[in-house]
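Each chain gets a letter, A, B, C and D, in the order it is written, and its residues are counted from 1.
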Amino acid sequence: MDIKITNGTVITPTDTYRADIGIQKGKIVEVAQRISGGAKEVVDATGAYVFPGGIDMHTHLDMPFMGSSSSDDFETGTIAAAHGGTTCIVDFAIQGKGESLKKTLNAWKARARGKAVFDYGFHIAICDLTERILQEIPKAVAEGVTSFKTFLAYKGALMIDDGALFQILRKCNEAGALVMIHAENGDIIDLLVKDLLTQRKTAPKFHARSRPPEAEGEATGRAIAIAQMAGAPIYVVHLSCKEALDKVQEARDNGFPAFAETCPQYLILSYKNYEEPGFNGAKYVMSPPLRDKSNHAFLWQGLASGDLQVISTDHCPFNFKGQKDRGKKDFSQIPNGAPGIENRLCLIYNEGVNKKRISVNRFVDLVSTTPAKLFGLYPEKGTVTVGSDADLVVFDPKQKYTIRAKTNHQNVDYTPYEGYKGKGAPRVVIAQGRVLIKEGKFLGRPGQGRYVKRKPMRLV
Amino acid sequence: MDIKITNGTVITPTDTYRADIGIQKGKIVEVAQRISGGAKEVVDATGAYVFPGGIDMHTHLDMPFMGSSSSDDFETGTIAAAHGGTTCIVDFAIQGKGESLKKTLNAWKARARGKAVFDYGFHIAICDLTERILQEIPKAVAEGVTSFKTFLAYKGALMIDDGALFQILRKCNEAGALVMIHAENGDIIDLLVKDLLTQRKTAPKFHARSRPPEAEGEATGRAIAIAQMAGAPIYVVHLSCKEALDKVQEARDNGFPAFAETCPQYLILSYKNYEEPGFNGAKYVMSPPLRDKSNHAFLWQGLASGDLQVISTDHCPFNFKGQKDRGKKDFSQIPNGAPGIENRLCLIYNEGVNKKRISVNRFVDLVSTTPAKLFGLYPEKGTVTVGSDADLVVFDPKQKYTIRAKTNHQNVDYTPYEGYKGKGAPRVVIAQGRVLIKEGKFLGRPGQGRYVKRKPMRLV
Amino acid sequence: MDIKITNGTVITPTDTYRADIGIQKGKIVEVAQRISGGAKEVVDATGAYVFPGGIDMHTHLDMPFMGSSSSDDFETGTIAAAHGGTTCIVDFAIQGKGESLKKTLNAWKARARGKAVFDYGFHIAICDLTERILQEIPKAVAEGVTSFKTFLAYKGALMIDDGALFQILRKCNEAGALVMIHAENGDIIDLLVKDLLTQRKTAPKFHARSRPPEAEGEATGRAIAIAQMAGAPIYVVHLSCKEALDKVQEARDNGFPAFAETCPQYLILSYKNYEEPGFNGAKYVMSPPLRDKSNHAFLWQGLASGDLQVISTDHCPFNFKGQKDRGKKDFSQIPNGAPGIENRLCLIYNEGVNKKRISVNRFVDLVSTTPAKLFGLYPEKGTVTVGSDADLVVFDPKQKYTIRAKTNHQNVDYTPYEGYKGKGAPRVVIAQGRVLIKEGKFLGRPGQGRYVKRKPMRLV
Amino acid sequence: MDIKITNGTVITPTDTYRADIGIQKGKIVEVAQRISGGAKEVVDATGAYVFPGGIDMHTHLDMPFMGSSSSDDFETGTIAAAHGGTTCIVDFAIQGKGESLKKTLNAWKARARGKAVFDYGFHIAICDLTERILQEIPKAVAEGVTSFKTFLAYKGALMIDDGALFQILRKCNEAGALVMIHAENGDIIDLLVKDLLTQRKTAPKFHARSRPPEAEGEATGRAIAIAQMAGAPIYVVHLSCKEALDKVQEARDNGFPAFAETCPQYLILSYKNYEEPGFNGAKYVMSPPLRDKSNHAFLWQGLASGDLQVISTDHCPFNFKGQKDRGKKDFSQIPNGAPGIENRLCLIYNEGVNKKRISVNRFVDLVSTTPAKLFGLYPEKGTVTVGSDADLVVFDPKQKYTIRAKTNHQNVDYTPYEGYKGKGAPRVVIAQGRVLIKEGKFLGRPGQGRYVKRKPMRLV
């Protein structure tokens, strides 16, 4: 046996139990009250939880942007993620104008190759739909891309129209792929941005004003309505507010397979952050923007009740100095995005489990199991059973920490959570059956991560 | 006194009472238990109701279309309307590409001048929004155009985008004008039409298949959401189905001023009509299309409860032979529209009041009073009080009739209600204080109708 | 002509128009732009509204209570009401244990006879249902009692069980009578009262704590559900909170004839009043209790949208000294009720119309027209049309006032609105075609009011 | 090792995976890809699922009724249940008038002792609440009774009033016990029964007419509202219709811990069964009654979405001859109840999993895991993990069967599912680490079942 994890408490969405776990050739091979046989390496999990490694369905590593790129590449980004207990990501490959999906996928594979330290997959964002692209979808699915993203925002850039969305939904559903949607009304936002700039309202907080929650609610309702017409399930990314949640809840109450993720920033930060002194608000410029904090309670309730199924990060880091500051005189020039890949599990455990908003089982479901199921990574990933990949976190619920940019491993000069104090952090992180992180030390090597051909979506 | 109406029962949305009515110089000057003084003309209303003349907020007379026009002009159309108890219409002046609102309005005024037999106004449909057009809105309001229509359907033709809708809503609200919306998702419909034609599904019924009720529900919800963001009221035209009604109801339950009209065809006819033999289904090709008859009960309930406030006709006649038949081989080439201006009051009285779905007071509210209030015609029109215009119907609730194209006065070779039998019809119709129709005979003359400068919207 | 009202602006729920009004033999006989003929009395309504006299559907005059009575009898009560613009009340005749409805009605008629200064009717509250009482309902209807009240609160006293309510609903509906319901869960309240007293929580504010809004929401939902099973309409009295309003709204959205009234106190006062120093909170002890002020906005919206149809007072005055103080050591011994009959129109006009929450037309509808229609007083009362009773208010929208117990005419030593300042008050009040109040002076005489046999309910 | 289950596919609510399972001393001690060591007994699970034994939370064995008893005692009932894959039940101990909870519990323990073939627990139904009984609740909890049932139906017998329910909810919540509610409005039903019998409507189908779905909807809403006031979770038993489901869904959408079970009969049978010839309808006389089949789809959707969490049987068998026939002339004399304990898993697997309404994981959740968690049996029961009780079913999804009374093991002369054909049945059933059923043969002995002291409720 390669590794034996002893004395831990196994957590899955269903179960909590004391057991030893045996790992061989990258797989879990045994779960027993006590594994008596020897092992090359013994990981002591006394006092700790053992749960499946975090899966982050929403990252933007090494993403080209206005001549530069998001500041983490697949090496720095996955190392940072691993420190935080994440052992798999699915990043967005973004189709260029006129570009084939094959070319898009290959470009992103090249970005990750030789760098990623754990397994990864890709969604493709379709930004320029043609009949040819539509026909290419099943081929991409055969290559393991079983989810496609679309944008109802970013007019004139990534935004597609309702007809294109309808076609993508229909085609993806036939092919077994799930459509993800960035749901904000790009037309309205485009207009509000112009209005604000005309009025010389250029500070970072006006970014939020230009993207009201009603614009997200509207687009979410529209996307779901179009999905219903297409007879296809839909997955709403980075849902941030009650207005949008209401639409998802209504659809689900009627038995329609609408799914949604939210992100730690929408659960913890708020519009108030945009009013920090100077240009500091720019650190939080992302889309959708941070909302009024009254939304927190609704989002937590959605996570608890099942109306929200996934917590991802939308990790898209840009340095405060050198990147964010492009928008000093015009909020619309601030690169959209913020870092988060490293702190997701710790933040959600502390805010969710410690504060009794969700159980530890639900926590595991949200950060690992359901993402794995919806996006074709299960049962290899997202659970702790014999036969599954040995991607595991030994998580110490008592460990205290303070988040700081300088101690974080992300390649970005700030964190939106600077000074945040919490309890509960990974002690050991195992991926592909090898110890990747041990007591805060990275023991892996760049490039050991594998591209994962994902299976068709599986509705939960 | 010019006219004295004796022994009738006056009906307003609030009241039902026996009274004589005295008319002088085009106005009601007295309402009394008995008017003893003499009058040039005495109209005997024994056994009859006396209520305000019908107001039709949605007509398309002499509307240019593909080189021809809708088959009724302002003379034939208003004469037909008068026969049915309507004494005022507001027709749609449709902005051409690049055209100023002033030019549009003048063009339509010219169409009506010398022809209309009773008072009329115009909405302007804005189809090509520019900053200049936006600035022209207050001027049009000053000219008495206090409502503007927009289209979320007819992609590539009349359709505007969400940003344009937002701007129009905001500007109109400032100017005191109400925005009317044709709410169907044009992107989706455009795609479905292409799909159906590709599959050689060309018969009239496929018109309905290309415009599912969900596409109307979605666009209605979107339009209301945009109105909420703009802080402006909105009026949904020709609402046809439960999916759309639900959105209006939800908004109103939350106190938002969303209004909607439906039309007789959506209350009486249904999808089944498209399956009539041969090309007959083309008679019913209109947008939105006729729906499954399960919608009737919901629409009647909406009318009774107040969630729907107006019944208009969307009268837009095209001859079955010579116009409708352009689409024999392709439903998308069938001119959209059907006649109805003449039969609205009779149909709604019979279906609504006789069948006890609504009271006679609510009937008057729906066909006259609320339209007058919402669209700036009240208190001159839409009610029976001293000081109001003497636009009145003496309506015999016992008179039986059968609707037939050949006995109708509309200038079109068919009626969707051929053979319909009902009870309750105008005995005398008075407009501008003169008897216009008496026992089925037209006593007016073309051109006596006046353009009405409407006042700002008044939310009810 | 007996009276001519000149130069006023007539207000009905539908209309607002300038007209003179002619009155003869207690009836309105003419409405004209100008009535040139002479009249015995001319009332100048220049600058004033003329609308139908207020109708108060919920009063408790001379109501026996623990050996004493509510402090206003039919003389003081109706005089006070008349000062405030009310010209008709329907009071509650409360069935005693084992008593026949006939006896109940006669007892209350005797209370009013020779005292009331304007017309009045009675509801009967059924508190002890037997088969004999059930059979007596149609007879009471024939006597003009076309509404019956039931209580789901006051366990061990007035409260009936769900089966009795069901039977009353079924029988009343057959007989054309409307069932009114006091909807609070008496079982729960009884228990909470005992709990609080056990904990020595005896101050007035604990009255409110013993009757949570959820107990009203529950009982309202239950009453409506039972009405639905019985196939009968229902009318919820003194609805005070969002929890109950939601139930009414839901029923109405589904087309069910559920109706509800609220009262000025629930729109203006709040739980905070219970926390006034000393025993002052006792002034506001009524059931349901005053609620958190967050309910105000919901109730106003319900009034505007039509989900609430009536504003009554639940006038049930007890002197602060000598009556309220029975409960000094035990809130459950404070007589339930507060005065309000005199100030309803002024308060609602100021809070509703002046603050633009409702139109003046809606105001008239709520305080007069709809009550008249629902409870069989229309068209004699509740409107301004020829043929209607000359029960009219000439209301000066500019007149300022301050409410004070000492200047009020109610026979009670306090008012919950002490010091309230507003604008808009009656200038002249006419009842039965005679001037009853002129510039604050009472010109009528006790006993001139008549018992009104009300007609069957008329759903609006 | 005592038992080794080889080659099966383990099913839990979260997971589906191939593994061997090792059992020792009644517990699962190992789960591994292959268990190489020997075992006293090897159970071959090739081609079969291995999941936790079914738990039936709602049974009435040996229940006294009008001088006789339900026809299954704890021996015949548990043997029948075991044949069907159930390995634990929680039966109802019903408090007699004036009886202490201790006495009630002891009486029921005596009924089970020496008879039950697998583990069992008891809920106590509180039918006569006094202060003393209230104080006894925590003691009963200490004895392992962590759930209490109450009735809003059966007026004059089991029914308690709303105040008692409130007190029980409050006390149970403090003590960690879950309150179960039979939610039908007993007042209304009592009245309808009398009405029907007065009209000589005595046939079995009138049982259903006397208990309309609205009466269940109302009581469900009321129970939840009372639970909200008490701040306590609530569990609705045998929910049968959309009206009730809507109330549960609404509460859960607002984050309130309302739970509900339904039963196979409400998912498969319908009102039509009451119309079977002769007195056959009596076989289906139970409360709530079978509903219109339109409810099936809503209930299945509730099970899939999570708004319903448990499937129990409400097994309460009475022989058609000798017991049901007491009501030949009066439906109200037919003993209420029907058999079902033996066929639950087979019916739900076939209707749910085979017909793709729910996944096999959700199936396990509904019939075993969630019941175990809610009612304090987890983690010993309701799951397959090391450390859990070895209560397991080896279930062959391919095995075909026909349900017949004569081949069933239940001690009752009929089954409501006579002739029902399905696929998927237990091959081997293991309880307490021993093979209880093997290929349809019972290998256990009466009395080996143990009374289980249940832990406090655990909200899921």
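A few points about this structure:
As a working rule, contacts are C-beta pairs under 8 Å (C-beta built on N, C-alpha and C of every residue); 3 or more make two chains touch, one makes a residue touch a chain.
Every value quoted in this text rests on a predicted model; they were computed, and no experiment measured them.
Listed by label, the chains touching chain A and chain D alike form an empty list.
For chain pairs B-C and A-B, the one joined by more C-beta pairs in contact is B-C. Look at where the CA atoms of chain B average out and do the same for chain D: the two points lie 59 Å apart. We define each chain's centre as the mean of its Cα atoms; on that basis chain A and chain B are separated by 51 Å.
Our note on geometry: chain B versus chain C, Cα centroid distance of 40 Å, whole angstroms. Residues 10, 12-19, 22, 29-33, 249, 252-253, 255, 301, 304-306, 365, 369, 379, 383, 385-388 of chain D touch chain A in their complex.
Those residues of chain C lying in contact with chain D across their complex are 155, 161-164, 166-167, 185, 187-188, 190-191, 212, 214-215, 217-218, 221-222, 225-226, 228-229.
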